[in-house]
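Shared chain: chain A. Partners: chain B in the first complex, chain C in the second.
What follows is the complex of A and B.
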């Protein structure tokens, strides 16, 4: 397989409701990514588009609808959709387009405009549940997260206070992100006292609905060496799908993450992830999910992630910076774009271009992860310089 | 490159932008209806619910008793072997106390969704259902529960033929 590099990245602000359409947002992120690589659309052989459910937009085949803003017309263009994992799976798709030898340069664009869906974008998720055995019970999306969070807390004896520290950290980190929707200085008490939605989930445990886009340019080794002296290499990729019978598994542990991570670690030749990964962007639509995913990524023992957080290990200046971007909790959660934002963050961090968010030292290797659907899809990408 | 970008694209709107007509929108309310066939396995599951019973399928290859039932074992990738009645008692594996509807409207009385591991099915074979006849603050993981059925006349062959599960 050929080596593949990320050579450019771009994104829009993440906002509750954007004036721009999805196509306009996609174009802004795509153009910024190309500009940052010193490239134009003429240099692009193929386009990968990531966008979550069509139901958000009420547009059939919305990937194709977004394709002009993504530079995808009159090119080999594919849209992928694997739920929340889309934003990390899209660059994996870009990777195999290039690693196969078929293409030299691929533009990867992820966009989400959730605000079009009324009265609340959560309505687009009601069809996630089984139509015969679950939907007649009147479920909403919060149920599965609250149910999973409770299981995780119960099995390990974890408190809401310990979990709230993640929301405090990520929203603070986001204050340094120029595109962030919800960067703010909060206390654990603020999180615990915020409106209760579905116990154990309070309002500030959850990331917001957002509009936004992100993009990266990926290319083969011979192109990367020509266009940049700071390529960031794709060292490992992994993905995995667990059962849709989500009530048939023990939700305390995310196997879908572990298997995706093991695939990526094997490819990258990583034996001891805790020592060999310098910076992590795990998927954090809920604060407990950052902890859950750190454990699934084998970056700590099961049930140990809250202690790492309490000890400051996961702070930006800690031994293992986690979500230095501010994550979904702070930067925002335009589903597919949020996942790719994490990949952009690792790219900027490894190039030393993350500005006020730059983690100390010179990180050599970073990991981004996202999850999708009924706690089913795991996607992991490892970048290194 | 993030440090070199001074102006990031993306324009945030506020409700005032809509009230004053500064930005324009188009509204559409789709109407789509579906009628899902229950299929072979879930069809029998629903018929037994109408009789006030829970039924599962055994896979003789892996020995698992699968609930909800399926006609093929997705792990062994062989046909499942036989129908097995399971009990209408179980254990709360995990639960939530939900105060909001899907559109974030507050509920007067919270819902108590739970994963219930049903007695007689293989360990960990839970189903999603609701708890009732219990104060939210008294619900615990590990709590023993039993199905509360609708009356035979009210039952229609649906998961809601069980009204909820109550502590025993």
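What follows is the complex of A and C.
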């Protein structure tokens, strides 16, 4: 298996309603990633595209539509799709393109334009449910996550105040991110007093709908050594998809995330993740999800993540910085692009290029994770210096 | 030297023009059970990864990958979707195996086209929402335009395109998997009602339902499995130009570049000599000729002559679409490429029954993702 490095990254601003088309957003991010690696499209052997449901952009076969904007012009171009986990799976697909020996340099581009979906992108989520057993009920994504959050709180006796701390932390972190949509100084009370969407979920517990794109350049070892003296290596990858019958599972714990993490840890040779991972970007479309995922990633015991947060361990200057970027809650959530943004953040942090967001010390190893489908899929990538 | 990879199990759910009695999940299950039995694998224990191909809008469900794991035995396992043709997924399976992190990978694709009430309206959503879709034209108008250009540039004729239809519908008569087999004359094809001029109604592949599952394995485990291996020795895929205004009309650039990648891997320098037969895209009659030329199976402008001389007939020197192709079998959406690979695997194993070719060692399957795309895949399969 060949070694694979990330050598460049770029992203657009995440905004509520971009004037650019999806192809243009993809182009901007792709261009920035190539520029940062000192490369041009001529150096790229293949393109990997990540984008979540076609229903957002309202474009059928969206990967085909995005291809030229993403650099996929007369090149092998492939789009993967694992719902919300797509943004972290895309670099995993880039990894296997290269680790297999098939290609030397791959451009990975993730785009999402949710604002095209009127009146609100939540409408697109009405079409993700089983057409026979669930869709007639008119379910809403907020409802099913409210069920999951409630279950998580009930099993461990966790309060909404403890969970709101995550939203406060991430939105504050995002104030230092030049691409952020919702960086803000908030208090726990602000979160608790925001309007209730579907109890126990309040508005500020949730990430926004966003437009945006992100991209990374990945390459084989011999190319990486030529183009940069600061390669960031892919040390581990993992992904798992649980049963579609989500109503039959106990939602208090994301076992699919654990399985994905174990797959990645096994590949990276990590025995004690809490000690061997320096920085984490878990998927945080809702504040409780950050906690949920920290537990699934085996970075703390089940039910212990709120205490870690309250103790400041997960702050940017804490022992285990979590979502130093500002996460989806703060930077924004253009689904697939948001996942890849997390991988970009780990890349910049490990290279010491995260500017005002830089965590203290010199982190050696970081992990990005995304989650999606019907509370069903986990994707994990581990990067190291 | 990367590890060699083989298809060790294949299974399908019957190809039909309509399938009111089965859901897509049941079709997937049926195909999977057959493929696992063929390969002699237990999906819960032996399979390291699963790859499915689908497009949300065809399925009528957003984030369709939610609904794939259970009926494949893939729940709580590494499963991912590729929104591409089945051959894209086979290439992904081969790459995953060559990383050394997987030994057995399952690939799935299906079409439940008969569930789609307004296919052309759905199809139109694939066009650029700003520049093209507002024109409101039927998606197939692009094929008519391209056919015109292709015939003009290459010198192939309208009559030769009709010959493709006659050949493939005739071939399909013998294939148990083909829905649209028929005896048609050249006059029938040329005299059919015009559709998207110069395309007539019979020049266009009609949709069908069906599901395919394949088990792909590393050489190191092939001997432990029951299925007779067919080796994947080359693959390639390419997206030419997604925007209608920047593409090369009249030449299938994507097929040429995908084939170059696959030929390089398989060490093929003269495709016509080095290969024995091919299953190639014929979603529209002219596409078979255009693709033959792009795959360098003949020189530009000579595909029609090859056909007239009988070279691409089942009895010819280089049979093309002996299965009946998409014109004869029916178009299977994302599963189309897997169907072609299935036909090639059966031929190489000597299991093709009434359509079996004599003495075939090496075959090619090629797919195109239909309008409005310029995306296609090529795969080379060998018996030993």
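Quick notes on this one:
Note that in this section the second predicted complex is superposed on the first by the 385 of 385 C-alpha atoms of A that agree within 3 Å, B and C clash if a C-alpha of one lies under 4 Å from a C-alpha of the other, contacts with A are read in each partner's own complex, and residues count from 1 in each chain.
Operating definition for what follows: contacts are C-beta pairs under 8 Å (C-beta built on N, C-alpha and C of every residue); 3 or more make two chains touch, one makes a residue touch a chain.
None of the values given here were measured: they were computed from a predicted structure.
When both complexes are overlaid on chain A, the residue A:77 reaches chain C alone and has no touch with chain B.
In the superposed model, A:28 makes contact with chain B only, not with chain C. When both complexes are overlaid on chain A, the residue A:245 reaches chain B and chain C alike.
In the superposed model, A:16 makes contact with chain B only, not with chain C. By the document's definition of touching, neither partner reaches A:40: not chain B, not chain C.
Touch criterion met: A:61 reaches chain C, while chain B stays clear of it. Touch criterion met: A:131 reaches chain B and chain C at once.
In the superposition on chain A, A:193 makes contact with neither chain B nor chain C. In the superposition on chain A, A:159 makes contact with neither chain B nor chain C.
Common to the chain B and chain C interfaces on chain A are residues 58, 125, 130-131, 243, 245. The residues of chain A lying in touch with chain B in their complex are 9, 11-20, 25, 28-29, 32, 36, 58, 119-120, 122-123, 125-126, 129-134, 136-143, 146-148, 150-151, 154, 178-179, 196-201, 211-212, 243, 245, 247-251, 344, 348, 351, 353-355. Every residue of chain A that touches chain C in the complex is listed here, in rising order: 1, 21, 47, 52-55, 57-68, 72-83, 89, 93, 95-97, 99-102, 116, 124-125, 127-128, 130-131, 237-245, 255-256, 259-260, 263, 267, 372-374, 376-377. On chain B, the positions that touch chain A within their shared complex are 1-5, 8-13, 17, 23, 28, 30, 34, 36, 38, 42, 45-46, 66-68, 74, 93-104, 110-111, 113-115, 124-130, 136, 141, 158-160. Looking at the complex, you find that chain C touches chain A at residues 2, 55-58, 60-63, 65-70, 74-84, 88, 92, 94-101, 122-126, 128-130, 236-243, 246, 253-254, 257-258, 261, 369, 372-373, 375.
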